[in-house]
Structure formats: structure tokens, C-alpha cells
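Next up: some structures, all given as C-alpha cells.
Each of the two complexes below includes chain A, the first together with chain B, the second together with chain C.
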Partner chain A sequence: MTAAFAVTGLTKRYENFALQDISLSMPEGQVMGLVGVNGAGKTTLLRLLSGLSRADAGTIEVLGHAMPAQQVAVKQELGFASEDMRLYKTQTLRWHMDFIRSIYPGWDEAYAAELLRRFDLCAEQALAGFSHGQRVKALLLLNFARRPRLLLLDEPTTGLDPVARDEVLQALADILRDDARSVLFSSHNTQDIEQLADTISFVHGGRLLESRDKESFLDDWRRVVCQGSWPANESRWPEIAATRQNGSLLELKVRRFSDALLSRLKGQGLEIRSTEAMSLEDIFVTTVRAGGAA
Partner chain B sequence: MNVPGLNLPVIKLLIAKDWLLFQKQLAAYVTAGIFALCLLGMAKPWSFYLGSLMLIVVLVAAACFSISTSLLAERKEHTLAFVMSLPVTPLDFYLAKLLGNLVTFLVPFLVMLGGTIAVIAFTPLPNGLIVFATLVFGYVLLAYAVSLSVAMAVESEGWNTFAMIGSMVLINPFIMLLGQIHAISGYTNTEHVVWSAPAVSILLAQVVLSVAVLVATGWAHCRKPAFY
Partner chain C sequence: MRSTGLAPPLYNPISTVHTVHIKYAQQVPVDAELLLSASDSKPMYQQIVDQITAKVLAGDWKAGQALPSIRELASASRVSVITVKRAYAELGLAGIIVTRHGMGSFVAESPDLAAGLLRAEFHQHFDAMLACAARLGISRDAIRQLLDDEPSDPETISSGGSTP
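Let's look at the complex of A and B:
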């Protein structure tokens, strides 16, 4: 199977930040969510994949083509929308749609019309009169309707009201019904990623902390509440990412949960009160605070 | 025509896009230029000075407008990332911007250059002015090429403003310099169009330097690390 993208040893240095030695790939037909705090390197990674930026080191392959050498072939089948990307404010959305249609042979006019209705956008209105949410939806419409094989979305739902966010997520879910299409999207909102992604990648401080399929991610992590005191030497408990003592209760955040771990905890004199699944947000925050090992 | 490595259909679309975005404003510049030429054509001392001043102002304004709207504004308003996400290479983008800018600037420029020569040739103004006027237009072309190159190579708005204003303001010393060269200024009040060696050398230098600056910028642009 062709990889939607594959990067090896990818490095990009700026004055105060460096994306360092990223190796990551995604098979076609998958959805990968990039999770990271502001300045983690998500946007840098997406810009490198889209050809907007050049790497200092490493290799990039997108849809089977080397980047940036074959960027025209890649960009023919790529959609890219980022939070800071703007359209021509003096022109109407219809003008933009005609402009994009003239470039991309795969432009789907019927789908564009459906998205116009769904996003409640007026094609004849100049972009200057659009709200932030409308601008984001217009940019997504221009990307979705060209039917790209790979969509790169940088914070697609940031700044949207709940209704607009739901519309965008629904449109994304529709796109993902087609198994041949792949999406890599970044978001602060881990709920969006938890809802849509097959694979989750954590980026922090310019490094890739972890990249795994969502189910195994969520299955492995647990919040365990015990009665008793944390006994000892943390180095003997690599499965445990964080501990918090609250009176007689001990909360453990476990990165590799197993029945054997529960038995070991009981063997330390702890009484297990509850074992709960963790949200992606909680897993991410715990991973970052634990210093990166997920 | 298919040129290997270039996405010509998209380059053409980008040029057409820039033309469409700026055509109304450029029409206004051409109109103002024609008005200035009418003043020149009246061949009265006051109208000549007013017309030539207005012509230079319109030329400089057209040059600055073309650069600031198609390049600086694109960067400032974050539409550059949108354009660069289309199926183009940095070289395609550079060529589209270069040709788009040349079209949007050269159309009013050539209209005004042709108009100026016609006005001088077909009114009582001395024909010897044609060489002088052509060299002034040549200077504006060079200043435009320098400003365009700085705009493509340097992201700082301050440097771009400095390059545009600086290069255009230097037109005054340049006109004074032409006035000091007898082989050029000596014929401005005569009916003879004399392309003396200094005049031809200056014109050649203007054209060669303009092209060299733009080629060097293209080379540098294709090696830029980021396009957003």
C-alpha cells in the first residue's frame, strides 16, 4: 500500500525552535491527528509536507512523490488549509471557486454546491464580508471540493463556534467515508481528534513523542485510584506515568495497563478502588508532563 | 508550448489572476498618464512642467502600486500560502509574479512611453527631447526592477518601502546628471533626435541592469527556505 506520506529524519531549524529528527508515516486511507501545544511543531511539520517550507535535513515523500522535487505532482492531489491562510478579500467566493476549478480537473461542482448549502455560505459575497468561521469554511470548501487524495489541515476547527465546528467535522467525516482519501490534521481540540482520527501522534518541543493507532492508545492508558500510599522507587514502575496522593487516596496514571500491574499494586498493599479509561487530552497532558515517554 | 519543469497553465492562470485583481486601478493610472500627456502636448511652459511632473508621479505610483499590491500585500494578508499551496514550484511562482508584475506595470509604462514619444514628435515640443525622455523612462524601469527584486527577496516591509521610495526618489539626481551630459542635454531644445554614445550606453546599462537584477532575484527566490 502506498503511504499517504512518509518522512525520515526530518529536521527544520528556526531561530528559537527546531523540529528535530521526525520519522513518521501514514498509510493511504487513514486519518492521523496531530496533537501538541502551541509551538510544538505541528504547523512546521504540515508546512514541510505541503511544500510551503524546505527541510534542513531528512526526506519527505508524499503520495509516492519526493518532496520538494516533485511538488507539482503532489500538490495536484493535495489539499492544504491552515489557520493563517487567507483568501483574496476583494473577490467573491464564486471567483475563488472558479479559480480553483480552472486548476484542478477533479473539482466537483455538485459537491461544492452541497458544501455551500451545508456551510451556509453565499458564493456571491466578497471575502471581506466573511466572519472568521465563514472564511475557514470557505477555505475548507475550496479544498474539499477538489477531492484531494491527501488533506492536510492545520487547526481546521480553531475559532469556530460549536455549530460551525460540527458542520466542518461532519464534512470531514463524509470525506473519510472514501477509503482512498487520507487526512492529517492538527488540533488543540483533542475531542475532535478522538472523534475522527485512526492514528494519533503527539508532538512536543519539536519532537515526535508517540504515534500509534487510537484504539491501542486509549486501551493502554488507565487512571487507577487506590487506597494507600505510593510505596516506592518510581524507576521500578515504568508503566506509571504520573502519581498524585490525595489524602489516603492515590491516583495513578498508567501508560501500559495490564492485569499484572494491578496484581503488583495489590502486592504493595494498595487497595484498588477504581480503574477508568482516560481521555486523549488527559493522556496528552500526562505524557508531556512525564517528559515525553508515552 | 510545454516547457519541462514549468507548470505553464497554472503560471498563466496566476498572471491572469493578478491582472484581474489590479486592472481597475491600472486603468486609473493610464487615465492619469494620458491626462499628463495632454498637458505635455499643449506645449506651453507651464503645462510642460506640470505634465512632465505628473507623468513621473504617475509612473512612480504605478510601479509602487504594482509591487505593493501583488507582492507585499500578498505576504501581509497571508494569501501567499494559498497561492503556494497550488500546484506550482517556487520557480513557477517567481515567473508568474515576475511576468504578472511586468504585465501590470509595463502596460501603463509602455502606453505612457509611447504616448510621450508621440506627443513630442507630433506637437511643437522639440524632438530632441525624445532621447532625454526615453532615458528617464529607462531609469523608472530600472528602479522598478530593483524594487520588484527587493520585494521578492526581502520580507521586511521597511526595506521594501526604503527600496521603492529610495530608488524612485533618485530620479531627481538622475535627471540632473543627464542635464550635465552635454551629448544628451545639448540636443533637448533642438529638432534632432541624436542617440549619442553616452545616451546609448546609459540606456543599455539600464536595460542590462534591470534584466540582471531580475535574473539574480529568480535564482535567489528558488533557494528560499519558506513560502508562506
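Let's look at the complex of A and C:
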């Protein structure tokens, strides 16, 4: 199976930030979600993969081609949508669609027409009159209608109203049906990632903390509510990422849950009241607060 | 079309494109869309397991019937492929579906699948009741007493609702 992309030892230094030694790959047909706070390095990684910036060290392979050497071949089959991309304000969306269509042979006019309708966009309107949300949707349409084999999406749902966000997620879900197409997307809306990603990659402070299949990643974490008091010797409980105590109630956020851990807690005289799964959002915040050790 | 001759163009990009369009956007079997919710406290894979189990119990999906492919169900229900894979694996372990290599998954043809599922559900409730009773300190004798006091006709139970 070809990898949609593979990077090794990827490093990019800026004045106040460095993406450091990232090694990561994604099999074709997968959806990967990039999670991280602002400035964690998500956009830098996406820009390196798309060929918009050059790495200081490391190798990049996209759809079986070495980057940046073979970037012309890669760009035929790669779509990249990022909020900071400019469209021509004085031109209509139709003009942009015809422009992209003239460059990319894979352009699917019927699909573009359907996306126009679903995204509720007017092709004859000049971009200057578009709202922020409409610009985001226009940019996604221009990428989706090319049916690229690899889609890189930087915050595709940020700034969209709930209805527009729902339409974008639906368009992403349509792509899942094809096992030859892959998507790598970053989002502050962890719920989008939790819903659609097969793999979750966690970036923090320019480093890759973890990249794992979503099911086992989510399965490791639990919120455990007990009655009793916490033994407080935290070094003996590396599985526990966060604790809160209120009177006799104790809440534990566990990063490596097991039945053995529950037995140990009971052995401390704690009475387990409930054990529940955690959302990706809760895991994300807990990890960052705990100093970035996933 | 730029062509001015009488012969039709050999390659018509619009018609090719249209076929692809249909394939991706419209041929979604109604069955493949499960009713999942991100605000449900149960994890997504568990919601899938529960809903497919319910569909089999209700007879929506009959014994031997082919299930939607993993990608089809994921796309129609808007969940990740890996989540559906996990749900199908759990349904396979529970004996509710059977996966044949290269052919897809099918509802198991066990003669008493529905009864078995109901029995499993009953045992789950029963165990939960026992655990709750233990926490309240209700003895086995007291539970027996409660059972004896309970009217045997289920109709009477449902109509005898409590009014404050």
C-alpha cells in the first residue's frame, strides 16, 4: 500500500518557533486529524507537505513522490485549503472555478455544481462581497471539486456557522467512501476530528507527542469518579494525568486505563462511583495542562 | 464543444464526470445511515454496535443479509472508517454478524440470535440490579420478597404507575 505521505526527521526553524524532528506517515485511504494548540506547528507541517515551504532537515514523500523535487507531479493530485489563501476579490467564484478547471484535468463540474448548492454559494458573485464563512466554503469547493487524492485542510471548519460546518463535514464524509483518497486536516473543533479521523496526531511545541489510531487512543483515557481521598503520591501513579478533589468526591483523569488500575485504586480504600469515556476535547485540554505528556 | 465536425467527440468529459458524481453523491443505501449522535454519552463504536443489534432484533436486517460495507456505513453515518471497523469486530465477537474474507459482513444465521440477545440484555439488567442492591445493603431474602410481592401480570405493573 502506498503512503499518502511519509516524513522523517522533518525540521523547520523560524525565529521564534521550530518544528522539530517529526516522523510521521499515513496510509492511503485514511483520514488523519491534527490536534494542537495555536502555534503548536500544525500549519507549518501542512505547508511543508504541500510544498509551500522548504524543510531545514528531513525527508518528505507525498503520494509516492519525493518533495520538493517532484512537486509538479504531486500538486496535480494534492489539494490544500488554508484560511490565509487569497482569492481574487474583483473576480467571481465562477471565474475561479474556470481557472482551477483549466489547470486541473480532474475537475468535476457536476460535483462542483452540487457543492455550490450545498454550500449555498452564488457562482456569479464577486469574492469581495463574500463573508468570511463564504470565502472558506468557496476555497473548500475549489479543492473538493478537483477530487484530489490527498487533501490537506488547515482548520476547514473554523469560523463557519453550524449549518455550513455540517455541510463541510458531509462533504468530507463523502470522501470516506473512496479508499484511494486521503485527508489530513487540523481543527480546533476537536469534535470534527473525533467524528471523522481514523488517526489522531497530537502536536505540541513543535514536536509530535503521539500519533495513533483514534479508537485505541480514546480507549486508553477514562474519567473515574470515586469517593475517598487521594493518596497524593503522584509519582506512583503515572497513569493518572489529572486529579480534582472536592470533599469526599475525587475525579481522576486517566491516560492509561486498565482493570488493574481500578483494583489498585480500590486497594487504596477508594470507592469507584463511575468510569466513563472522555471526549477528545477533554483529553486534549488535560494533556496540555499536564505539560504535554500524552 | 470546440469541435465543428459531424463526428461526436470520442471523449466527453462531462458524461464521465457525471457517472462519478452519481457514484459518490447519490447512491447511498438508506440502510447504511445509522442515527448517531456526538452528544450521546456512549462512544460512537458502542452506538453503532447497539443500533445494529437493535436492527437485527427488530428484524430490519434479517439473518444472512449483507451489511453495508465498512466505508459505505462510515460515509453515510459520518463516522470514521476505523470506528465502524471496531464496531463490526465487536459485533463479530458477539456472534451477531459474520465476516467472510473478501465478501463482506452478514447478519449471523443463528436460529435463536434474537432470543440470545434479549437474554444477554436481561442478564445485564439483572447483574446491575444485584450490584445496586448490594450497595444499598438489600439482602437476597429482601429481593425475593420484592419479587413475590410483585404482581405477576405485566399489564398490572405498567398501569400501576406512581402518582405523587
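As a convention for this text, the second predicted complex is superposed on the first by the 293 of 294 C-alpha atoms of A that agree within 3 Å, B and C clash if a C-alpha of one lies under 4 Å from a C-alpha of the other, contacts with A are read in each partner's own complex, and residues count from 1 in each chain.
Operating definition for what follows: a residue touches a chain if its C-beta (ideal position, glycine included) is under 8 Å from a C-beta of that chain, and two chains touch if they have at least 3 such contacts.
Everything numeric here is computed off the predicted structure, so don't read it as measured data.
Q: Fit or clash for chain B plus chain C once both are placed on chain A?
A: Superposition result for chain B and chain C: fit.
Q: At the CA centre of chain A, how far apart in angle are the CA centres of chain B and chain C, to the nearest 10 degrees?
A: Given the fit on chain A C-alpha atoms, the answer is 140 degrees.
Q: Contact-wise, after the overlay, does A:Asp84 reach chain B, chain C, both or neither (first, second, both, neither)?
A: Only chain B is touched by A:Asp84; chain C is not.
Q: Going by the contact rule set out at the top, does A:Glu194 touch chain B (first), chain C (second), both, or neither?
A: second
Q: Give one of first, second, both or neither to describe whether A:Glu215 is in contact with chain B, with chain C, with both, or with none.
A: second
Q: Check the residue A:Thr158 against both partner chains and state whether it touches chain B (first), chain C (second), both, or neither.
A: Neither partner.
Q: Now for A:Glu109: first (chain B), second (chain C), both, or neither, which partner does it touch?
A: In the superposition, A:Glu109 contacts chain C only.
Q: Is A:Thr243 touching anything from chain B or chain C once the two structures are fitted on A? First, second, both or neither.
A: neither
Q: Report for A:Ser25: first if it touches chain B alone, second if chain C alone, otherwise both or neither.
A: neither
Q: In the overlay, answer first, second, both or neither for which of chain B and chain C A:Thr8 touches.
A: In the superposed model, A:Thr8 contacts neither chain B nor chain C.
Q: Chain B to chain C: minimum CA distance in the overlay, Å?
A: Comparing every C-alpha of chain B with every C-alpha of chain C, the smallest gap is 19 Å.
Q: Considering the complex alone, what residue numbers of chain A touch chain C?
A: Contacts found on chain A: 29-31, 108-111, 114, 147, 169-170, 173-179, 191, 194-199, 213-215, 218, 276-277.
Q: Could you please specify the touching residues of chain B with respect to chain A in the complex?
A: Within the complex, chain B touches chain A at residues 7, 9-10, 13, 17, 21, 77-79, 81-82, 84-89, 92, 224-228.
Q: Write out the stretch or stretches of chain C touching chain A in their complex.
A: Chain C reaches chain A through residues 14, 17-18, 20-21, 24-25, 38, 41-45, 71-72, 74-76, 78-83, 86.
Q: Chain B touches which residues of chain A in the complex?
A: That would be residues 47, 50-54, 56, 68, 71-73, 75-76, 78, 80, 82, 84-91, 99, 102-103, 139 of chain A.
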